[in-house]
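Going in written order, the chains are labelled A, B, C and D, and every chain counts its residues from 1.
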Amino acid sequence: MIHIAGVDIGSAFSKAVIMAENKIIAYQVKPSGGNYRLTAEQVTKGALTKAKLSLKDIDYVVATGYGAANVPFSREAVSDISCLARGVHYLFPTARTAIDIGGQFTRVFKLDKRGRATAFLLSEKCAAGSGRFLQVIAKVLQIDLKDIGELSLKSRNRVDFNTGCAVFAESEAISRIAEGAAKEDILAGLHRALAAKVQAMVERLGIEPDCALVGGGAKDIGLVRSIEESLACRLLTPDEPQIVAALGAALIAGEKAAAIKASR
Amino acid sequence: MVEKGAGKGLAAAERYYQDYGCRAGELKRQGKRIMGYLCAFTPVEIIAAAGFMPLRIKGDVNEPITKADAEMETIVCPLVRSCFDVSLKGKYEFLDGIVIPHACDSITRTYDIWKYTLNFPYSHLINMPHATDKPSLDFYKAELNTFRRSLGRFAGREISDQSLTQAIRLHNQNRAKVRELYELRKMNPPLISGAEVTRLLVAAVSIPVTEATELINNVVEEVKQRGKVRAAKPARLMVVGGQVDNIDFIELIEDSGAWVVADDLCPGAREFFSDVADTPDPVDGIAERYLRKICCSRTFRERRGSYHEYLEQRFGHIGRSIRDFKVDGVVLYIYKYCDPYGFDVPAMKSYIESKGIPVLYLEDEYSMSTIGRLRTRIQAFLELLGSK
Amino acid sequence: MTEEKKPEEKKKRKTATEAAAKIGPMVKAMIADVLQARKEGKPIAYTFICCCYDEIVRAMDIVPAWTENYAGICGAKRDAQRFLERAESEGFSRSLCTYALCGLGFDAWREQLGEMPPDAPWGGQARPDVMLGSGQILCDPRNKWYQAAQHYIPDVPVYAVGLPWPPYESDYDYREVQDYYVKYIVEELRGLVAFLERHTGRKMDWDRLSELVDLTDRTWNLIWETYELRRAIPSPMGTGDAMNTMVPIVFMMATQQAYDFFKELNEELRHKIANKEGEVPDEKYRLMWGGGLPAWFALNDFNYFNSKGAVFPVETTYRTVEAVYNFDIDLSKISDPLEHIAWRWVKFWTYWYDKARKRPGSHPDVERLIQYIEDYKIDGIVMHEAFSCRTWHVGLIWQLNRLKKIYRDIPSLILESDIVDISSYNEADTRARIDAFIDTLEAVKSKGK
Amino acid sequence: MKSQYFAGVDIGSTMTKVVIMNRAMLASVIGPTGPEHRKLANRVMEEALAQASLPFDDITYVVATGYGRINVPFADKQITEISCHARGVSYLLPRARTVIDIGGQDCKAIKLNDNGRVVEFVMNDKCAAGTGRFLEVAAEGLGIKLEDMGRLSLEAKSKVEIGSTCTVFAAQEVVAKLSEGVPLPEIIAGLHEAIAARIHSMVGRLKIEREVALTGGGAKNIGLVKALEAKLGFPVLLPPEPLLTGAIGAALLGKDIVKQAAASGTPLPRSERRLQEVTLFTR
């Protein structure tokens, strides 16, 4: 049996996925921390332990993400867009457009029926347009990242934010709290601001149904709803949206391993 | 905000301003045809003479740009982007067409985007020269005649000399009224605030010219009744820049403790201070006004004499306003990516400063959030004026 | 202002053709010539490219100082920041054309010092005797830049030549208006000659002008024919090289040197094609540089594309010539040289109009993309949006959208940075985008299989 | 005549500063600004009064400045940070013709004439890159104290290049660098270099004239000061306590106002001398 692995060293989180026979047998997600090389080892080991395997059992490893260069045990690095597309396709074969909200960038891309990206757009180099923005805010509001989505849905009285900068949004949020604004209303405002940025990108690329939303941002139900509202369409979201790029990397690893086997 | 007791002049202006284009929509439903345009360089007389109501397309500082970026790069004048964004969102669906003059790169380079994306039944680009010499004037006249023919074809009838002369007369009357209004700003304190003037002029370019003249007249009458009720403020400012079609910035200045008493803006003095002369061929008068009389940085003035005299040729109108309206300080309010004004900043600044008048240069992005950020700068400028 | 670290000079880009490698020294000599002219008291004119007065300037023996070129050099040497900052401190917004900002910063500095700014790239840009702007319709900086420069060199006169071309409109044909366009341009060019005679003391040699006009026609034809050779598979020369070979096109037109250069390049390309020598050994993707001036400090990105097997057989940028024998009029019948220039100008800009009219919903710019896609067998389009110039960089998104609507969906990538402002550029990001784009190309390419 | 006392209250985005002066400085207190510190402005004021041993009623005139100036109920007048920094510098460092103020949320450059009056200024407050926040965020990421940054960076033998301009991403980048084993001093030096470059290009929008004074919290960071000096090509002047410059300027402007009013005989309106809570500011 061929075992394959995909490792995605993201700017915020690192993920490893182990697959066999086109099925995920284990995965692991952990914060990227400072040392990518170390994280890469740890996250892969974590997944391997779950799968009761060790690195030498793995036939092919593909790395991707911001820190892909720091995965010494990978055979090859593949661009995030390609991995994401492959992962999305595996999960949602009908998806033709996908949005990935990661720690550093937001990506919007189109994919064909074989899971290849055919067009893409990346957000600008400013934290105001990425998932990092929500992390920063969650921290100042002293809410756990995983709770912000639910909380934001409770908002009845959205506070509109007019700042573009993530750092200033942070202090603005502090001021608003001090003025007595509710946390959920602030979150709803921030989700709205981020959704507007995503919307502009999606409109530029042109949306083709179905549309999937992946990346850590998709774990935030408040953001998901906000984007759905501005795009006026339902989005497909996987149960574990964060591992999609790693999954795609594993799938690509699978193809490579199969190709090698065939050529032998 | 409209002051208590304001009659139908200011109140009506407020209404037209808030619900911009409402009158045009109303007229459209009654069968009138409406022609949208960008920028003071559109010869509205020709549009009116063809039986259309010209409507100046306005942006919205409060509306975040969400649609425009899918079709238009972000490196154009933010006002033009906003105009396009609200158009894409259906704000001006009722238009029968758009007319775009070759004013600046931001406007000209986006013409095709406007034309192909919004799919109005009619569109036309008027190729306006930069130079003002005789060959340029002749060429411009030929372009105006091309436009006249083209629009006539679309209207289904030729534009006659009489209708042109009539439209010219009405627009000149309108401009004269605006100048009368500006007289009320010369007093100290001014009888009318800068925000009120801008709101009125924005309203005025969204309704038929005769109604606009009446509206302005009503305001003039109303305001004259005010006598001397307005508060004295320590500084009288002039705002100079490109297009300003919202009052928020002017309001910000006036809330910070100054009156805006003069401007070189459009809509504003730039658009209303010069008339079309009565010429045997009406197009001659129109060409002469738009090419030579409107003072805007986009037009290249040929130099006569020393560089010092050249600055006077280019910016003399600002100097005259400073004098006539007793201006204490000038705010250069210019949008990012505005090429014509951007390149003029150092020269303009040194010209105004040579008159002993301090200048505050602000670059803005046409958004409510940035306008708020300018507050500290304006207050500091007022402090600087106060301590002089 | 001090630069504490020497601007890092970029490694020399490897060119595919020998001809392109010769351009560097040619440009250097061009700058030196201007400095030499200053010493000898020959009249120098600040000039813009694409303004069709090349022959006039050359016939009057006036030395052109191409201000866009000098700014580009500062950018390519990664030494533009100090001039941009200088312009900013004069009050110019950083959002304006950075060629202009670089030039204005340089002028302001040179005038303040009374000599060249320290370590000015390649000896610096000499003070001009006249400045030739152009009014309408290419870009605003063409009429504002030199006017603004007068703030620092008030004694140097400016002339703004009106140079319009008819817009592409749906409700009338440009032929209805072309006569008055030509008439206007001729009068403006006549005005230019008079201006130059007045301010430089040179007299126009009309016979020489006619010769140069003819030389230019021949050069245009030769360039067009040479570039068409790049249709070959594998393509012998890419856009990276074309960003060098643009020099004779835009800075040396109306000189024998430009003609000879293309003669040589033509031979080199024929030779390469005969030997099946491509821009890269293993050509996988054929791309078109479909719009935008290049980021001069990042020309190495072309090599990065090459390293992925991607070549650029064609670009729209700097392809500012057509074969004049393809025009719908016979230029050789127009004996008045100024009229000849004017017609060539109008015909160049309206060249794609008739073709566009035949395809519903098309537009000349889009039509040109379609034609090149077909002629050069293009797999994908790369564009560059330089933030500071509207002329070449607004409308790119729209052109791609239109292309998709009326033709077909073709992979495209829009890179974003600037022509000379390196602070807008991030190499790692750019390369990540290129990688992802190559993946999409692969996906689309293998679709049929 | 009863002696006169002037208070300057500078409510910055990060720090609240109060000084009380007559001829000389009698008291100065610095405290943080923030949501948890809502009542702080009055507490800082209280403390300053205690330090000067004065009842609030004895304060002739109170001028508020800074980001939160509009919400100080007990101030007699609000004046922008720009005028206050200018006034403060012209008093402390009369030779200065340009002031660069690096505050928590903005950075400004001010040009002064020979009389210490503002003739021109520029300001950045759009993006956190190039402000004190940049260093705060980075320090937090690196787990070091803000006060130590300057000293630490001076130990650097070289400096790493920080590729991200965005504050948030820069913070992330430096953490990664640290774990890659790049020595801390070199990272901090790199941060200083990055922020100095940003500030320098912003300040470049004024024609800088010597001498240049540096004020605000950023001036407390010797590493940043050195990096900026390297960019400028000459040394800068530093006030003894850079954070207080704005508050001192505010107090002095109050004094000027009182003097002028006395000269012209116009009565000056005065707010109630009651320490009320300072509500938080919004722009």
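Please note the rule applied: a residue touches a chain if its C-beta (ideal position, glycine included) is under 8 Å from a C-beta of that chain, and two chains touch if they have at least 3 such contacts.
Nothing here was measured: the structure is a model prediction, and the numbers come from that model.
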| field | Most distant chain from subunit C by Cα centroid | value | D
| request: Sort out for me whether A-B or A-D is joined by the greater number of C-beta contact pairs. | output: A-D
| task | Would you mind pulling out the distance in Å between where the CA atoms of subunit B average out and where those of subunit D do? | result | 40
| said: From the mean C-alpha coordinate of subunit A to that of subunit B, what's the distance rounded to whole Å? | reply: 47
| subunit B and subunit C: spacing of chain centres that average the CA atoms, whole Å | 35
| remark: Multi-chain touching residues of subunit B, meaning two or more other chains, are 70-71, 372
| request: Identify all positions of subunit D at which a residue touches two or more other chains, and write them in rising order. | output: 125-126
| In subunit A, residues with contacts to at least two other chains | 125, 164, 204, 206
| query | Which of line, ring, star, complete and other names the graph you get from chains that touch? | reply | complete
| note | Residue set of subunit A touching subunit C in the complex reads 78-82, 85, 112, 114, 116-120, 122, 125, 204, 206
| task | Using the touch rule from the top, collect the residues of subunit C that touch subunit B in their complex. | result | 90-93, 95-97, 100, 133, 135-137, 139-141, 143-145, 147-148, 150-151, 154-155, 157-158, 160-162, 164, 166-167, 169-172, 176-177, 180-181, 183-184, 187-188, 191, 361, 363, 365, 385, 387-388, 390-391, 393-398, 401-402
| task | Show which residues of subunit D lie in contact with subunit B when the two form their complex. | result | 79-83, 117-119, 121, 123, 125-126, 283
| remark: The residues of subunit C that touch subunit A in their complex are 397, 401, 409, 411-412, 426, 429, 432-433, 435-437, 439-440, 442-444, 446-447
| field | List of subunit B residues in touch with subunit A within their complex | value | 64-67, 69-71, 367-369, 372
